[in-house]
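Structures for review follow.
The following pair of complexes shares a single chain, chain A, combined with chain B in the former and chain C in the latter.
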Partner chain A sequence: MAGKVLIIGGGPAGLEAARCVAQLGGEAILVEKRERLGGTPDRESYAKLTHHWRDSGEAIGELVAAVTGNPRVQVKTQAEVKAVSGQAGQFQVRIECGGVSEDVQVASIIVATGFQHFDPGRATQFYNYYTFPDVITLTDLEKMLKEHKVVRPSNGLPPKRIAFIQCVGSRDRQLGNEYCSKVCCGIASKQAVELRQQLPDSKVMIFYIDMRMYGYWENEIYWVAQEQYKVNYVKGVISEVLKKGDQLLIRGEDTTLGRPMEVTMDLVVLSVGMEPSAGTRQIAQLLGVKQNKYGFIEAGGPGGLDPVATSVPGIFVAGAAAGPADLNDAFSMAGLAAARAVAVLYQTQVA
Partner chain B sequence: MPTTMENWNPGKKQERYPNVPYAEKERLFLEVKSDPRYEDFLYGCYECGICVSACPSARFYDYSPRVIAQAMAREDIERIYEIMVEDIWNCAQCFSCVRCPRGNNPGGLVTLLREVAVRNGLQETREVLKGYSRVIYKVMLKGNQVSPDMLQPDFFPDWGPWVQQFSANMSVWRRAIPVDTLRGVTDAAWRVDSKTLRELYTIWFETGNMEIIKEVDEGLYDLLVEVMEEELEEG
Partner chain C sequence: MAPIEKAVAIEKENVIVDGMDISGPWSRIFEQRTIFDYTPELIEKVASIPGAESFANCYQCAKCVAVCPVDVVGNYGPRKLYRYAQTGMDLSEAPQLWLCTTCANCLRVCPKEVNMVRIMPAVREQAILDGKFVPAELQQAFENTAKYGNPLGQPQRKRDAWTQNAGVPVPILKDLGRPVDVLWYVGSYPSYHPRGIDAACAAARIFNALGIDFAILGKEEKDDADSQRLAGEKGLFEMMAEYNIATFNKYEWKEMVVTGPHELNAFKNVYPRYGFSRPVVHYTTFLVRYLDRLKPLLKHPIHKKVTYHDPCYLGRHNGEYEAPRQLLQAIPGLELVEMPRNRENGFCCGGGGGGMWMDSFTAQHTTMRLSEKRAMEAAATGADILAVACPFEVSRFEDAVKSTGNEHMRVLDILELLDRSMRGDVEI
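Our next item is the complex of A and B:
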């Protein structure tokens, strides 16, 4: 075996990829732009994970510890990849860390630069997000849930009636994000349960197009929310959010009961989807890997079945840099990307 | 009334039963919900419609077991009240709807709703059940269903396309049935001896059925009690 694996991005996928490369006997250099490892769950102060309702800080903390304490992983925070040349087996990489440039040679690269949450003000004013303080996003609510202090931003009082609007920034041809962001149904349902736990007197409603609770999310999150926590699911997407007194009036259709509806709410949560992060867009350009029409890194390889292969041999992708992904997806991809990246190290030795 | 989730429907809001106070509607719902069977009858609703596709009543009447499960799951108090005074009487209680992937029993919910509607003697319930006083009279007093000779096929499209043909020859067919309790019986569904009748009367009293009848139709109750008590004394 010869050479090292460069991992770009210190979120869940990058961390897991680094751990796996080390477990397989390889050496990794992990480059992270932020001061801290942990990626989006850390930066956005996630409360609980959809997996076993684990505390996010604790779960991600374990992952960080497994990497920072690992002699086979060299962690560089506040660091950015500035230039890459060469090919599989011998990439020359320039890393800038704290104003100092360093050139390293690696055999393979794993891109794990992740996603960003859709900004409801990106294209047009979605549901008056930037106008009404009581219209918030999943990420805004996640922070409040973590602090166990869910209040209406307008008056600091706990909300009694809370609505989630699904598919904000996803599944929208006009917006350009035609894809399903995959996790928002689960996250909204998870948050709805947490809301009912923290505010037992609240009414929580989720307005959706389809509930996409794949696999065990069905019975572990969706059914729990609906049956134990009496979260109301209404099939029908809200067209607009208006002001009514000091409350919000939302308009939509209750499609299965076949009637238009107007409901007042204290708090409206926009279930924002995933878009490629700025880092993902930049690094894709820099590496020359193909991006799909949405800006995510195109994965699949020539046969279409390899979820971690990019258009450039020796460069692999893991996690939400390749498209909407939950933590299971990110971990599965990270493990496979690590195996493929280490395989390059073996091939390099043979060559 | 303040705008709450329970009256969120502008199409029907304040229009259908505005004279019934919200608190009363809620009380009735809570009575349904407090039934020990409720938890087994309702989990959560996908709104998938499998119950409607299996429901014979839904094919002939403006009736949807899905809406029942849905309204109950959402605890939509106003809609539940509408259901309690209208929809539930369109259910044939055949329980085809129990083929529910979530394990719900919409027909069972209808049973609970009916029991609460009757127990509380709702005005609409009395009206609906008026037409059934003859049936109740027959069933409870004679131990019989409506007899075949009372059949009016035009009123029962849900009995199928052959009901006219059956009706035309009913008397002949009945006479041919080789079962003791049915043979030769054309003015009743089957023959009931007086011992069986006395047992039935005892059951009606002991199980509280007579109290329920009293709640919806006192005249019928008086009539039934008079005959029943006489028969029981004779026995």
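Our next item is the complex of A and C:
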């Protein structure tokens, strides 16, 4: 075995990939742009994870600890990959770290540069996110849940009636985001439960097109929200959010009854989807790996069945850089990407 | 094609039970309630018509229904039409085919780009070709357009008769014998309808006051026929377009100004498919360029509360929301108030897509006219005046303010308001 594995991105997928490379006996260089590891869950102050309702800070902390104390992983924070050349087995990489450039040689690369949340200002504005302070996003609410201080931004008082609107920025041909963002149904339901725990007097409603609670999310999140925490699910997504007095009026159609709805709310939460992060777009260009029409890194390989193969041999992708992913997806991909990347190290020795 | 057969209840005109007359309006509780089958065929039947393909894209999210004006006064919306088709409704034979006004508010919010503005004309055209039901009053408007060159059925030779009332010169291109800066396409309603003529005369006076070098086509002008196209008469539309394009091209002019948003849509967005691509603007967009010259002319304040109704074909279809508002705000003393549904979310008056000529038919399938619903919204703002910028609207809303008991609210075209502020001697 010869050479090292470069991992770009210190979020859940990158951290897990680094740990796996080390477990398989390889050596990894982990490059992270921010000063801290932990990725989006850390940066956006996630409260609880859909994974067994674990505290996000604690769970991500464990991932970080597994890497920072590991002699086989060299962690570079506030560092960016500036140039890459060469091919599988011998990539020359220029890393800039604290104003200092360094050239390293690696045998394989794992891209784990992640996603960013959809910005409702990019949409046609009909939910008035930038007009009404009480229209917020999943990420805005997540921060408040973490601090155990959920209030209406307009008046600082706890909301009594809260609505989630699903599929904001996803499944939309007009926006160009045709894909399902996969996690928002679960996150909204998880947050609805947390809201009911923190504000037991509140009424929480989720307006949806389809609830996509695949696998165990059905019974672990969806049913828990509905049965234990009395979250109201209404089939029929909201068309517009208007102002009515000091409340918000949401308008839509209850599709199971075929009747119009006009319901007042104190707080409206937009279930924003996933888009490729700026880092993912940048690094894809730099590495010359193919992106799909949405800007995510195209994965699948020649046969379409390798979820971590990019268009360039020796470069692999893990997590939401390749498309909407939850933590399970990110960890599974990270493990497979680590195995493939370490396999290149073995092949390099043979050659 | 296998439409789903449904049980049909026996409907009698008069029912007398034990000597007691229990006749009354038909109740929906007697209608078939159980769904016996689902069929993809009737969705495919629609989607197989060129232009109507996107009908099949609906994934039932229902965003469209909440913004569909017809659902406010009835039971409608693209999502519902899709589901009805799935459960046995043949759109080409259903009354629902004629209720859409092509206002495009559904398309604005549709994540799947189900485009009723293309679907409805395509399916209507097919229905007309197949000899299916067509509302009689719409048929009449088609015939008038073919025969007289305008949907009102007025004689062609009287098309420029209105100019006698303008009080200012209204040059006609044929007589002028020289190129002009502006060809003003007046339109059918401003040429013939009494309240449309008021707006046309106001426009003539404004153009004169601003020193615009303009002329009209006079007796050579014929209807743009865009609403007839949207109502399904593509053949008629093409015939009219061919005539109009040839007429437009006979003369030298730099820019065309139109009184109506439907004409704007026709000449700017549709006629280019038939080889016509010269600059066309709506009068609001045109006049706003002259705001500096116009403002000193607006000498007489209008101390009134005014709300503005966005025409679908000026706003959503052509993106002009600000020019009309800027013109209104240029009038001294005028207070502009907004209705809750404005700009991109403006509420349709019911006149588009052929709705202008189907009011009696539509009344059978809705609880009130869209113009009535909108007039009530306008009145709720406390406005003294409902300002409009589409020649269809003055007559529609004048009827609506009467039928809804809001006669205190005047309906005036922006042209009329500008003219009155200029002249000052006319009562509002």
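To be clear about the criterion, the second predicted complex is superposed on the first by the 349 of 351 C-alpha atoms of A that agree within 3 Å, B and C clash if a C-alpha of one lies under 4 Å from a C-alpha of the other, contacts with A are read in each partner's own complex, and residues count from 1 in each chain.
The rule we apply is simple: a residue touches a chain if its C-beta (ideal position, glycine included) is under 8 Å from a C-beta of that chain, and two chains touch if they have at least 3 such contacts.
Values in this document were obtained by computation on a predicted structure and should not be read as measured data.
S.K.: Determine, for the superposed arrangement built on chain A, whether chain B and chain C clash or fit.
M.R.: fit
S.K.: Return first, second, both or neither, reflecting whether A:G252 touches chain B, chain C, both chains, or no partner chain.
M.R.: A:G252 sits against chain C, while chain B stays out of touch.
S.K.: Scan A:G236 for contacts with chain B and chain C and give back first, second, both or neither.
M.R.: second
S.K.: If you stack the two complexes on chain A, which partner ends up touching A:G156: first (chain B), second (chain C), both, or neither?
M.R.: A:G156: touches no partner chain.
S.K.: By the touch definition at the top of the document, which applies to A:F126: first (chain B), second (chain C), both, or neither?
M.R.: Only chain C; A:F126 stays clear of chain B.
S.K.: Does the superposition put A:D172 against chain B (first), chain C (second), both, or neither?
M.R.: In the superposition, A:D172 touches chain C alone.
S.K.: Should A:G98 be classified as contacting the first partner (chain B), the second (chain C), both, or neither?
M.R.: So A:G98 meets neither chain B nor chain C here.
S.K.: Just checking: does A:P260 make contact with chain B only, chain C only, both, or neither of them? Give me first, second, both or neither.
M.R.: both
S.K.: Considering only touches as defined above, state whether A:W223 meets chain B (first), chain C (second), both or neither.
M.R.: Only chain B is touched by A:W223; chain C is not.
S.K.: Please indicate which partner A:P200 is in contact with in the superposed arrangement: first for chain B, second for chain C, both, or neither.
M.R.: Neither chain B nor chain C is touched by A:P200.
S.K.: Working from the superposed arrangement, determine the closest approach of chain B to chain C, counting only CA atoms, in whole Å.
M.R.: 5
S.K.: Of the residues on chain A, which ones does chain B touch that chain C also touches?
M.R.: In the superposed arrangement, which is not itself an observed complex, chain A uses residues 260-261 for both chain B and chain C.
S.K.: Looking at the complex, which residues from chain B come into contact with chain A?
M.R.: 3, 5, 8-12, 43-45, 47, 66-67, 70, 73-75, 79, 102
S.K.: Can you tell me which positions in chain A touch chain C when the two form their complex?
M.R.: 124, 126, 167, 171-175, 209, 236-240, 242, 251-253, 255, 258, 260-261
S.K.: Spell out the residues on chain A that touch chain B in their complex, using ranges where they run on.
M.R.: 161, 203, 205, 223, 226-227, 230, 232-235, 254, 256-257, 259-264
S.K.: Over in the complex, which chain C residues touch chain A? Could you list them?
M.R.: 59-67, 71-72, 75, 77, 79-80, 108-113, 340, 344-345
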